[in-house]
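Take a look at the structures listed below.
Here come two complexes built around chain A, the first alongside chain B, the second alongside chain C.
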Partner chain A sequence: MKRIIDALASFKLTIFVLAGMFVLTWIGTIVQETTMSLYETQKVYFDSWFVIQPVPGLDGINVPLPGGVLLMTLLSVNLLVGGILRLRRQLSRIGILITHIGIAMLMASGLVSLMVAEHGLLGAYEGDEAVEYADAHHLEVVAFEVLDDGYVKEYLLPGDEFIGLRTGEKVTMRHPDLPFELDVHDFILNASPRRKGPMFNVSVPVVEGYYLHQREPAIGSREVNLSGCYATARVDGKAPQTGILWATDNKPVRETDPWTFEADGKQWGVKLRKEVRELPFKIRVDDFDMAFHPGTRRPEFFQSDITIWDGDAEATQRIEMNKPLRKSGHILFQTNWGPQNDPHATKHYTVFEIVTNPADQWPAWSCYVIAIGLLIHFSRMLFRYVRTEQMVQKA
Partner chain B sequence: MTTLLRIVLAATLVAVCGIAQDSGVRREAWPKAVLDELAVLPIQENGRVKPLDTVLQFAMYRIHHKRAMHLPDEPAFGVNAGKKLQPIDWGLDTMFFPGWADTFPAFTLEDTVVLETLGLNELAEQKRKRDRFSMMELAPGRAALRDKIEEYRGIEKKNRTRVQNQVLGLGSAYLEYLDFRDAFDFARARYEIPDDPKLRELFGDKKVLRTSDVLRNIEALIAVVGDPNPSEAVSGFIEQVDRGVRGAGNHLHWIPPKDPNTTEWLSVGELFQLAFEQQATAEQITAVERAEAFADSLTDPTAITAAAAEFRGYMQKMAEARGEYGKVEIEYAYYRFDSFYKALLAFLGGFFVLCVSWLLPKSKWLPRGVVALTLAGNLLVGAGIVWRCIVRDRPPVLEIYDTIPFIAFFVVTVALVIEWINRRRVALAVAAPAGWIMMMLLMKFELVERRDNMDPPLAVLDTNFWLATHVTTVTLGYGAGILAGLIGAVFLLGKLVGFKKGDRPFYNGLTRMVYGTICFGVLLSTVGTILGGIWANDSWGRFWGWDPKENGALMVVLWYLMILHARLGGMIKNFGVNIMAIGSAVVVAFSWWHVNELGKGLHSYGRTEGVLTALYWFYGTSGTIAVLGMVAWVRERLAGKAEKAAPADEQLEVKEEPAPG
Partner chain C sequence: MFVPLAATCAVVLPSCGRQPVRVVDVSETRVVKKDLRLGRNLAERFGTGSSSSRPPRQSDSPAGGGGMPSLPPLGWKLPDGWSEKPKTQFRMGSFASPGNGDCSVSVAGGDLRENVNRWRGQFGQQPLDAAGIAELTKRPVMNGRVNGHLVECRGAYTSMRGEKIDDAALLGVVIPVGPTVSMFVKFVGPSATVVEQRENFFALCDSLYFESAGSNAPAPSGGRLSLAWSLPDDWQEVPSGSRYRTVTAAPKSNPAVQCWVSQLSGNGGGVRNNVNRWLGEIGQPYLGPTAIAALPTIKVLDRDSVLIEAFGNYKGQNGESRDAGLLGVVCEHDSNMIFIKMVGPSDAVRAEKENFTNFCTSLEAR
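Up next, the complex of A and B:
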């Protein structure tokens, strides 16, 4: 056991991990120029345990490398065991200890962000109020019922097992208040509906002459993928009805109509969309303003003035580049605006990226800790260096 | 091409240009006062108001690929023959003596194959592979150039050949040149009033109008032009005016707008377009008049200086009224003083004195001279950095250009401090050449980048707090890697050539310097990189995105940490630390420059011609030094083993051998 702990605490492991991360980061940078997008690079090199790396110029020869997750795990263990727990408790090492604690905090913040942080988008025109926003990645299936008074009642179908279904696979979704069951099948991460021609066959269902065509998953940012799937509604005593669901809501610019069918004498709608989340407060976009540097198309600034209602409290706030709004565990970033191709638009919309991340400020705190630790240690070393040099000169 | 032919061609082009009267050939040199006045004419370009001198300087980089234009000593060049034209001289010649300036060899082609592509084979044969050409010489190929530009623009950037890129570059330079050449056509233009009752009613007995007259009477003219069936005479008149102001197009924005809330300045072409919707202000019309008066004064040496002063003075007043003139003269003074170039000379002088001091090791004054010159060079670099901060109201590092003087200042300062502490004359020996090389790199980069490096930043960079913290610390972290690499090179090359052989304290001292510098680097790079993550978290909502520039910064931190931990763990000793220090310079170069060349990511500055080649040279040189260092290490180890294996009396003899030097 001691030998294992010694190995985990050793400088050799530190060097192995640092060198491994260095090589991995270098390859992950170079491949972005040639073969891979940023998103793919993250998946292959940094969000993985192992990487099978082709050797350039040697066709078919691959080298196994430790992936980012494995190296980070080893670094955490090495840091914890060797850099904190087994570090000699001497006054001269206090700076190192503080630095290592800061790095551990930084890594913990990375882990918490990876596990818990959620990203979403909220778009609204000037004058619009909003309390809901769409998750950037997660999808949900929702059914609608048109009530007699014209209002729409929404039924969220629990579960997201449909994501990742392959051709021919299905999951059944139910809701106790709904008179039908829904089989969701043939999920496609990035899809577009196309008319089925007579000269070719497709492996997915064709609905009223249309099918979902599989496109290359959008690279770089996952949120631009337009996912699609099929839904078959099964109602007792009736033939199943199949429709295409396509998640193309892009508020505030576009809201897609649901697939509709009849069940239990009523009209129902079903829709695939980005998960809807709720802010713990309400906002209204009062004004959006932006400018280019004169005579250029280089943005000088873009900013939104909003009013916030939190319970009985009302406040106004400006959200701009580098100055997000942090409130009640939610961070609102100014991320986009529109319409961008209409210089005479009288009304603009603004788009906020919304992040929930309990570790949001941990990197800043860890940065202060690391800076203090390094300053203590290196100041000591500088002092020692000056003293040594003076002694050498005297000698 | 003969002189006569040049003149004939110039005259032909003037005739083709139409009513804008060419001022012919300049008979006397531009008076210094005129150059001084017009150099600070405020111009709005790329989002800021700057001196005309700055606009012309970068235009010359793009068109001529040089800081100044040398004209052959030929009669056709008149007062310019055999002279080196500064951007302001060349610019004023181009704008006010266009026909003559068209004969200047303003365009630089890196490869005359471009000419063959344009069907100018005969011209290509007469010239060297890399040569300069005048507008006159290139004019016959303009139709082919237009076609080629259209064709090559359709090709994806990464698939274009070198020649195709050069053709596109020539196309841009050609258009930019035309923009300057025609920018003041309106000031020379005279519009003959035809014999038309409506026009006579409007202008009375006047025979000729100037652009300012047309602007002043634009409303009445619109009524005449508004006639659905204008007479032939009126149509001809309108055509004259159109030709007169067309050249001003939308280039050279020197007229402030009417509305104080509008930010975009106007060219004369734009002023005309707007004047059809809303009458130009009296100030704007007076500005045009001042330009005309200056154009009129070109043939009158007694009036030219006053006309230039009036023109510039009036434009200064207009800009001041909007609060946009404040930095124009400071910027002009910055470029005029050229502190980075003076720093280069000081560092070069320091390096020269350093070399002499090696030849005369007993001299006490020579090392002091090196210190004085290096210090002077560094103060000049510091002055340049501060000057730029004042002009932009920004912290020192905003563009990749800014990183070079900033790193130079840091490297030289730290080297001088180390020298002050240990007085080994090693850090001093590194300081002057490092400063000199970095200033050379700065000059070269400005020339190849060919764009104004003080233009305002994107919205995301509009934060002085993060620019002052993250950007400066990361950049200083780079500087530490460069300095460590330089001292490491001194160690390895010293060992290789047997300099101070057997002087262990000397080499231990060098390793301590490298190690200390790396410690500095760890502090700055780690804190700087994390600060960058915090900035990204505030801008984009994520701390880390594996963007190439972020990766580069991380690689620098990882490399520094490897050196420290390998040394602490006893895996490397003196040689290892110094060889890895060379590696730190390589990793810094990768992060500093190479990742920008990848053209990917949120931090991409775009590719710059020639940077990759320079980088590969740097990697090769550093690699060679590292390999030579390893050879020295192997040699020393073998010698050490032999020493141990030798009998005791032999060992004694070896120990008694005096160390060279």
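Up next, the complex of A and C:
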């Protein structure tokens, strides 16, 4: 047991972890510049326990490397065991102890952010009200059942179930209230529907004369990929009906209509979209203001005035760059605007990035703790130095 | 010990246990107030018109992707013996064929099923269901640029104005021209007339085009690469009879030789099909994948592009045959296929080979 604790607390482990982080950062930077988006790089190299890294120039040869999560976990354990548990309990070490606790809090905030933080986007014109927003990355297939009075019941299939499906694989979605089973298949990360011409064949189904063409996935910004897939509804006693789904919603600019089919005597809709999340409050964009640097299309500033309804409470707030709204576990950052390709647009919309992260403020608190720890430690060192100098002078 | 073991698992485990079919019992549902638009066809949902294959862009305006487009004037080549009639509010083109045939070109909204069944109703026929619509024959029209749905009816016909023909026939082609609209080419007349004029009707459909500024025969739209080139000293640009050509050139000293560049979006049928089509034109045998892969290549637009040389009897699309040579390059450039082709008397083509390759390698994307 002692040997294990010694190993976990050792400087050798610290150096191994730091070296691993250096290698991972180096590879991740190169990959992000060449073949992967920032999001994918984060997922593959830093939000993982292990990385299977192909060796350049050696086809088929892969090297397993520790992933970011493993390295950070080891560093946390190393820090806890070496810097806190095994630290000599002396008053003179209190500053170091507090500093290590602060670093441990920082690591914990990173872990919590990794595990539970979600990012989404909400776009709205002035006057628009919103109670939901779209996740920045995650997809879902949704089946719509039309109810009375303009209400719709949504049956949701999370993207984790179908993203990465290979040729010949499919996921069947079913629910006791659905009079059909829905097969989701032929998922393509970046796709566009194209007319099927007579001079070429395609390996995916052709629907209404169109097929899903596989486009090169966007590098650098995964969220601009327009994913697509096929859905086949199987209704008892009827021939299967297949539709093309294409996730192109971009509120407030565009909301794609669902693919429609008939089952049990009524129409149903199916759609592929970014996961929709609900806000715990309602907002309305009252005013959106922006200005460019003179002679450029670079925004000097952009800001939104919004009204927030939370139950019976009503409040107004300005959201601007670096001054987000924090409310009910949601942080709304002023992150974008549009349309950016139309210099003559008379009406602009604002885009908020919405982050849900319970550890949002932890890094700040960690920094305060670290600062206090360092202040105590260096103050003590300074006093000791001054006292020593005085003793030397007296001697 | 732990790290190598975990690493091995990480390598091995993902390859195990994948099933081709997985059943997921979804539990997550929610009820929301939503303005849901059901029943739209694919072109309406995605804003993919006949010539538009680009996806919506993040920056598209809210006005994009829907509504009745403002269509440019329509052009056509009238079949022999046909005559034009005055256009009306609803007819972009109106024609009469020998034998009292009436042909109209119009644009309207509504989905395919609705319009096809309207035509069938004029013949007293039962409406088609979705499966019946899906089985409609598709036929390339507008010089092969788009596929139209072919509709045929025969029987007693009653026009919208109440005119009746006892033994009538209808040939119709529905051509999608925008996200929510289609162009309808409808030919109605006595059945004997329609049978007799069938090929002329298809020739008319094939000749249709939208006029654009500066050209009465616009190039096919959609993602074509803008190219620049430099002609060899002895070459000059010559007028082209085809709107598919980016440029046509001919050597001053060998005007019987012509070289041109054309483009198709997508894979244009692929390298092999196009190479074999060219070889077929020159009476040469079909090449298999291995032989295609072994063909020499030259750099065109920074891509290794297949170069073919063929000599034999050239058979043009009009059926003429003569001793000829063909030099061709097929360049796969992102989402476009670029073809550079030179044909002429075999000796002259041989003499121009160096100029041809220089011309090919001079191409640049603008």
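Criterion: the second predicted complex is superposed on the first by the 305 of 395 C-alpha atoms of A that agree within 3 Å, B and C clash if a C-alpha of one lies under 4 Å from a C-alpha of the other, contacts with A are read in each partner's own complex, and residues count from 1 in each chain.
The rule is simple: a residue touches a chain if its C-beta (ideal position, glycine included) is under 8 Å from a C-beta of that chain, and two chains touch if they have at least 3 such contacts.
Because the structure is predicted, anything quoted here is derived from the model rather than measured.
J.: Could you look at A:P324 and tell me whether it touches chain B, chain C, both or neither (first, second, both, neither)?
T.: first
J.: Considering only the touch criterion stated at the top, classify A:V386 as touching first (chain B), second (chain C), both, or neither.
T.: first
J.: Of the two partner chains, chain B (first) and chain C (second), which one does A:S76 touch, if any: first, second, both, or neither?
T.: Neither partner.
J.: Output check: A:F144 vs chain B and chain C. Expected answer is one of first, second, both, neither. What do you get?
T.: Only chain C is touched by A:F144; chain B is not.
J.: Looking at A:V171 after the superposition, I want to know if it touches chain B, chain C, both of them or none. Which is it: first, second, both, neither?
T.: So A:V171 only meets chain C here.
J.: Tell me which partner A:T242 touches in the superposition: chain B (first), chain C (second), both or neither.
T.: Neither partner.
J.: Between chain B and chain C, whom does A:L156 touch in the aligned arrangement: first, second, both, or neither?
T.: In the superposition, A:L156 contacts chain C only.
J.: Going by the contact rule set out at the top, does A:Q340 touch chain B (first), chain C (second), both, or neither?
T.: second
J.: On chain A, which stretch or stretches are contacted by chain B in one complex as well as by chain C in the other?
T.: none
J.: What residues of chain A sit close enough to touch chain B in their complex?
T.: These residues of chain A touch chain B: 10-12, 14-15, 18-19, 21-22, 25-26, 28-30, 32-33, 38, 41-42, 46, 106, 109-110, 113, 119, 291-296, 298-302, 321-324, 331, 333, 335, 353, 355, 360, 363-364, 366-367, 370-371, 374-375, 378, 381-382, 385-386, 388-389, 392-393.
J.: Flag every residue of chain A that touches chain C in the complex, lowest number first.
T.: Going by the criterion above, the answer is residues 49-50, 52, 62, 64, 66, 132, 144, 146-147, 150-158, 161, 166, 168-175, 177, 191-200, 207-210, 213, 215, 224, 226, 239, 241, 243-244, 246, 248, 250, 252-254, 256-260, 262, 267-269, 338-342, 345.
J.: Which residues of chain C touch chain A in the complex?
T.: Touching chain A from chain C are residues 3-4, 6-8, 10-11, 18-46, 48, 50, 53-62, 64-65, 130-131, 134, 138, 140, 146-147, 266-270, 273.
J.: Show me the residue ranges of chain B that touch chain A in the complex, using the header's touch definition.
T.: 44-48, 253, 263-265, 421-423, 455-456, 458-460, 462-463, 466, 505, 509, 512, 516, 519-520, 522-523, 526-527, 530-531, 533-535, 537-548, 551-552, 554-555, 558-559, 561-562, 565-566, 568-571, 590, 595, 598-601
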